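Next, two complexes with chain A in common: one pairs it with chain B, the other with chain C.
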Partner chain A sequence: MTTEANTAVEEQEAKPLTTEEAKERALARYKVERDYFTENREAAKLMVEIGPEWQLQVQLLDIMLDAKEVIIDCVENDKPFIAGYFCNAPELFHAMDLPWYMIMETPFLAASAPYLEGDTDASVEIGMSQDLCTAIRLPIYYIETGQMPLPTVAIGLLTPCDGTPMLEQVIQHNSAWKDVPIYSCDPPYTSDERAVNYYAEELHRMADHITEHTKHTYSVDRLREVCEESNKTYSLWQEYNELRRNVPCPHGWEIGGAQAFAISQCFVAGDPRCTAWFEKLLEVGEERVAKGIGAIDRPDWEEKIRIFWFDIMPYGWVFEFMPWMEEEFGAVVVMDMFGNFPYTMIDTTSEETMYHSLAKRNLLDAPMIRQARGTAENFAGDIRRIVEDYKIDVVVWPGHMGHKDGAATVGIMRDTCRDLGVPFLHVGLDLYDKRYTSVEEVKEQTADFFRGMGLA
Partner chain B sequence: METNIESEAYQTFVEATQTLNNTELKNWKRDGGKVVGYFCSTVPEEVFTAAGLAPFRMRATGSTNTELSDACFSNINCSFPRHAMNLALEGEFDFLDGMVCLNSCDHVRRIYDNWIRNLDTHFVKVMSLPRKVEQPQIEWYDDEIKILIKDVEESFDVEITQEKLNDAIKLHNEVRELQKEVFRLRTVENPPLNGVEALNVIVAGTAIPKARYKVLLEQFLKDMEGVKGKGGHRVRVMIVGGELDDPEFINVIENEGALVVTDSTCFGTRLFWRPVSESYDDPVTALANYYIFDRPSCPRMTGDQERRMDFTLEMAKEFKVDGVIGERLLFCDQWSVEHYMNNNDLKKAGIPFLQIDREYILSGKGQLSTRVQAFIETLEGKGIKYEEVV
Partner chain C sequence: MAAFDGYIKATHDFIQSMQGDNCTQTVHRDTVDELRASIPIKIGKGAMQGIIMRGNTFVELGNPLAGSTSHLLWTENCSLIQDGRITLIGPDIDTAEGQSLPFGQILMVGGEALKNQDHEQLQQINIIGDQIEGYMLRSSAENIWARVSRDVASREFTFETLGKAMIALIKSNRPDITSVEILFVTSGKKDVEELADSVSSAKSLGSDILKEAWKERGYDVDCDFDCSTCHDEEVCDDIRDTIVQIKQKERSENAAEEDIIATSNK
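Let's look at the complex of A and B:
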């Protein structure tokens, strides 16, 4: 714990911001992030000629930016909105007509932003331990320094790791956020029917909490409409994933899991814009498969190693690493942790069946929650399924410094891969901060591994 | 570690703390008794006592390396489960007839997964502990305890009746009351026992069959009657943290002149400061309420930080501490953020706070001494006016 850090916090507490000041400060940062995405969108627009995938990126950024504008409008005009997470059944927020932003949006979606490194360092300066997940440290830093929009209601997340409940407790502890009513669904460790029913009740209580504090509610018909739309999205996603079984895989790391996750779970769950995006993705994928085009569309290139990247993409330094793997080794990320989960369809028969399915999808399916919330069998089972379904040659466990439950599952993952006869690579890095293990080191480790395994 | 306590009971406690399979446990097993190990103080050990089993709180005392468990864990995992698993793989826990784990943290919960894949213990189970402290969570845990009871009954061919559970709760509460008595000896200016000795007493209570421990504890309290108070310390401190079962850590602090007079740790007051209520009709309801809500919680329980801080302040006031030392095992996310909040809250209350990150097997004693010494210097002569802060 550095002295400077404590001084920083004390200084801030010595001059508490007025509500108006806090609002302005949070809004200013939020706008900086919006501008960052706007620049990204403009850059993506210039690439549209290269391929329709860029059009998909532009559409995704349009949706993200719209969502940001809506939040800005809510803050500026005192309209109710939620700060929450993806696996809190966002279909319910949508059915209630409540905009929301994700508390961990910055590390998840803006990990390449130029301000990320500085903010990561500042999180340590206010007193966070360096061994705490960067994705947790950043939102804590933003909350503690008044840089996150104060919502009408907060919906917390108590899974999949020890970090998220601690982030929630900082929210409850922070003087500016203290009055924000917060609700978090309690995730059971088990995955049976009893667990799903309990989680469905927790979702009910969450919905009641939101209604109590925003006066927004939903009709069962509206919820059904949203869930049906959401089901369409998930069916399309499933169909698209079937395409990724092809050799060569039609897409690599640039498009697929992460974007599909962002769009279906973070921004427009159960919205026709989301469905339209997936329709386009499927169309683009089908076209490539029909033409036999792989992740890189170049005559002198071929897919040689099919990778299951068992985590989030390293967005902080993805451009420095993934293209290198493709170019040097023909190594293609065919599937990643966010790309494939069982996609429980929502049974829209009644309100109860919808809650039950939403509980299942959000507790048992949602990426990362699905793997890390419960026992290690969830990791092992996913490896077995994905390796077989996608003809995987190598399973990569990046070993993100925040994923301590995964770190304690490394032996089990290795054994699972050995039983399957598939090489397993464990790196040890920070998905959000390339200074933890440099890109050069990660490359070296990867190259040695591929060579050692006779894959290159 | 020197002591002026002349007590056979105390010697038994020291032996139980310094070893795993201690003499009392060996005697218990020799007489046909069975032992169930458990991780985390939120496992309702009363259930094992009611089943006629000896509950044994898992530690990694005596471990020297993690060579075997390195195949299961990574270097970003807490050293406690790594050492504990290593000992298990070395066969040091072969005296256990059962092992119960909880999803207490990201590191410990994987002990269960690695254990079932590598070891052949008769009864192994993981329980699902909620993350909140409200009524639905009490009810969830109530069911979890009922499932545990059923599983124990089946595995050990015993019947756990309500009466047996009530008796176990009563016995454990009596033990808690005696442990409180021991701790209250430390409220005076020159307490007859120091932090090292107190930790030996409490750790032993998690490793010796409860009824026997109670007898020893009563004897110990009698033996303490004539013991001279310990003077010569420069300041009184409290320890706040998690998995602290190593008296040597306290010894280093006390050698610098800080007397450890109380704590909020899970081998400390959080185990016994509050009793299980005996006013419920159903003992399982009583246990569920106790483990989820009534006992002082640890950071893994959300929505409860304010009560935890109140408990820390209550202890600090009652034991008149000059400062608080927050200990954390490296890579523990829960205590990392909790101490960040502790630091801010205690500063506001005017109570100095020092955070120490450590490994389970004590290393870097010199550095620890230096930091403690510097802390003591900032505390000396300050004096906290508790009437004003709490």
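Let's look at the complex of A and C:
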């Protein structure tokens, strides 16, 4: 073992850090990420005059950076906080006045960060297989090397793929994390009313567990207030999605599903600041639709191919690929897996109805969980609906190396597209690491496909 | 009896139970061309240009918070369908300007040649897309959620118009469907929920049909095995037992250590 990462693991195993040293180590990387986003925000501020979309980026980064500062404050001052996931009903955390961060935050939200490639290599050097999903491998690496803030309570995830239970086991057994109380809701396989009721009970137990270990609780009125705000947020998101059905689509890859996903559920769910972000997004989108402006606002540019990108956006190399598709082929990602479908509105009549709706939202609607947990029919059903609603010309299944669950349904997806008469492109790549399949190779496959299908 | 026949009967029972001032019924056994000619809007691919934005919405139907349900029931026994009948229970579009109405829609279709393999494509009938001028189904997976534009509302767009448009589209797009009957419910959230309850298990029945249809095409959409059918069950059981033994040992060792500490502190 010669690398810095391996040395870090050896040191951690050899000589336990003091609490202060451990905090310092955990926050070091977290602060680097904060600083990376701070720089991005400063750059975005300089672009605000170019268009209101940049103001939206600034607002998003404000919300994200505030959330990061709160976590840093919690670690430094021993205040309770949670490590969890977007599909753990984060409205409950907010109602309990408990800050939280997402265990997969770096691959999900900071995949374009310059240190990601080095961290990915380091994850292999400490012994993880390159076949393991990069989005799973990175948090495991951060936990195993003491580079992730140690929470008061961890909320795990046992769905939708084979990788998440592995991450769960790391949380349970890592020497620093093994004493952190963890609760992971048991996800039922089916999607019927019985399954939803069961999952609602699981969320109840999760809330009780959090209360037991943090002494934070919620009043039903406060939960209702948060859920009603969350409903406002999701209603606006739905309204914005309708705008993306317009031809031309008012925005391209730069703003849309990924940001809406992050704002609605990755920081403070059910917060008026998030609602305000969506109000602005909608206002900007409506203006572009009214003026007939497409993804690129230039007289010599025209939208020619409307794409359904059925996965996470390739944020590890998005800047090298998406602008190329738009410029070269007029090919626009109109909808993606993370912008897909409005979520269940929360019925705020009673505590019971709120839990029931939260269970539906987090079990049946949340991206990836919706598609990859349980039976495969949602893969086909979602394609059928989105192709029609959004006038899709091409369905792209990127074939992320970690999405083995989806890989098993490629045949179903392809046959569904054949039924609909829509071309289906399956690439095979790593959304976070362009060395798996080079960007040039992905471009070549895409270009050949567009030409071969008579789209370009 | 075919899969959904019982649900068609339940829907008719529901209609029967709701008969009264609130219920209007019309029957249209015209040809597709006659139906097209009788409505004040365009229908067919591309009939609706663009989208209906919130500012141009005359009425919204089926907001999930107001109440929403939609099902498509099909049968090969056409005698079960009252072909051309459009039933509306509750207020019509022209009386609901600016409102968000609860919305239930049951589409009943019949065709002697229909079979389980058609089920998935039949569900596609519900996805209107851009085929009805001034009527936009919002992109919602679970519910039916729709908008009627101000423009077509001013041209007397009613549920009868919508029903006739749908019958014409279905019969022209799917010649194997010979009978179409539609129920619309806007009278209240409770009524929509009652309707949803009466056909609730049709969804899981549809899923079962889908699974079988995919199986015939060579695909499994479901995992049809569990621990009891897995040949590695014994190995897993051994691992679980071993883990239990390790934990028990750890616990007893910890308890012994605590005893020693407690004794030395005395």
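Everything below uses one rule, namely that the second predicted complex is superposed on the first by the 443 of 456 C-alpha atoms of A that agree within 3 Å, B and C clash if a C-alpha of one lies under 4 Å from a C-alpha of the other, contacts with A are read in each partner's own complex, and residues count from 1 in each chain.
FYI, a contact is a pair of C-beta atoms (placed from the backbone, for glycine too) under 8 Å apart; a residue touches a chain by one contact, two chains touch by 3 or more.
If you're wondering where the values come from, they're calculated on a predicted model, not measured in any experiment.
Enquirer: Put the two structures on top of each other at chain A: do chain B and chain C fit, or clash?
Expert: Taken together on chain A, chain C would clash with chain B, as the superposition shows.
Enquirer: Where does A:286 make contact in the superposed view: on chain B (first), on chain C (second), on both, or on neither?
Expert: In the superposition, A:286 touches chain C alone.
Enquirer: Which partner does A:376 reach: the first (chain B), the second (chain C), both, or neither?
Expert: It touches chain B and chain C both.
Enquirer: Who does A:385 touch here: chain B (first), chain C (second), both, or neither?
Expert: second
Enquirer: So, A:245: does it touch chain B (first), chain C (second), both, or neither?
Expert: second
Enquirer: Between chain B (first) and chain C (second), which, if any, makes contact with A:231: first, second, both or neither?
Expert: Only chain C; A:231 stays clear of chain B.
Enquirer: If we overlay the two complexes on their shared chain A, which of chain B and chain C does A:139 touch? Say first, second, both or neither.
Expert: In the superposition, A:139 contacts neither chain B nor chain C.
Enquirer: Which of the two, chain B or chain C, is in touch with more residues of chain A?
Expert: On the superposition, B touches more of the residues of chain A.
Enquirer: After superposition on the shared chain, which partner residues are touched by A:412: those of chain B (first), chain C (second), both, or neither?
Expert: Both partners.
Enquirer: With both complexes superposed on chain A, which partner does A:131 reach: first (chain B), second (chain C), both or neither?
Expert: first
Enquirer: Figure out whether A:347 sits in contact with chain B (first) or chain C (second), or with both, or with neither.
Expert: Touch status of A:347: second partner only.
Enquirer: Given 75-83, 111-119 or 363-371, which part of chain B has C-alpha atoms clashing with chain C after the fit on chain A?
Expert: None of the options clash except 111-119.
Enquirer: Which chain A residues come up in both lists, the one for chain B and the one for chain C?
Expert: 189, 375-377, 409, 411-412, 415
Enquirer: Help me check something: in the complex, which residues belonging to chain A touch chain C?
Expert: 189, 192-193, 231, 238-239, 241-243, 245-247, 286, 289, 341-342, 344-345, 347, 364, 375-377, 380-382, 384-386, 388-391, 409, 411-412, 415, 419
Enquirer: In the complex of these two chains, what residues of chain B are touching chain A?
Expert: Of all residues in chain B, those touching chain A are 71-78, 81, 103, 105-107, 109-110, 112-114, 117, 126-132, 136-137, 140, 143, 299-300, 302-303, 305-306, 328, 330-334, 336-341, 343-344, 347, 355, 357.
Enquirer: Which residues, counting only chain C, touch chain A once they are in their complex?
Expert: Those residues of chain C that touch chain A are 50-51, 53-55, 64-65, 120-121, 123-124, 127, 129-130, 136-142, 200, 204, 207, 210-211, 214, 217-223.
Enquirer: Flag every residue of chain A that touches chain B in the complex, lowest number first.
Expert: 1, 6, 9-10, 13, 127-129, 131-133, 136, 140, 156, 158-159, 161-163, 165-170, 172-173, 184, 186-190, 194-195, 198, 201-202, 205, 372, 375-377, 399, 401, 404-405, 407-412, 414-415, 426, 428
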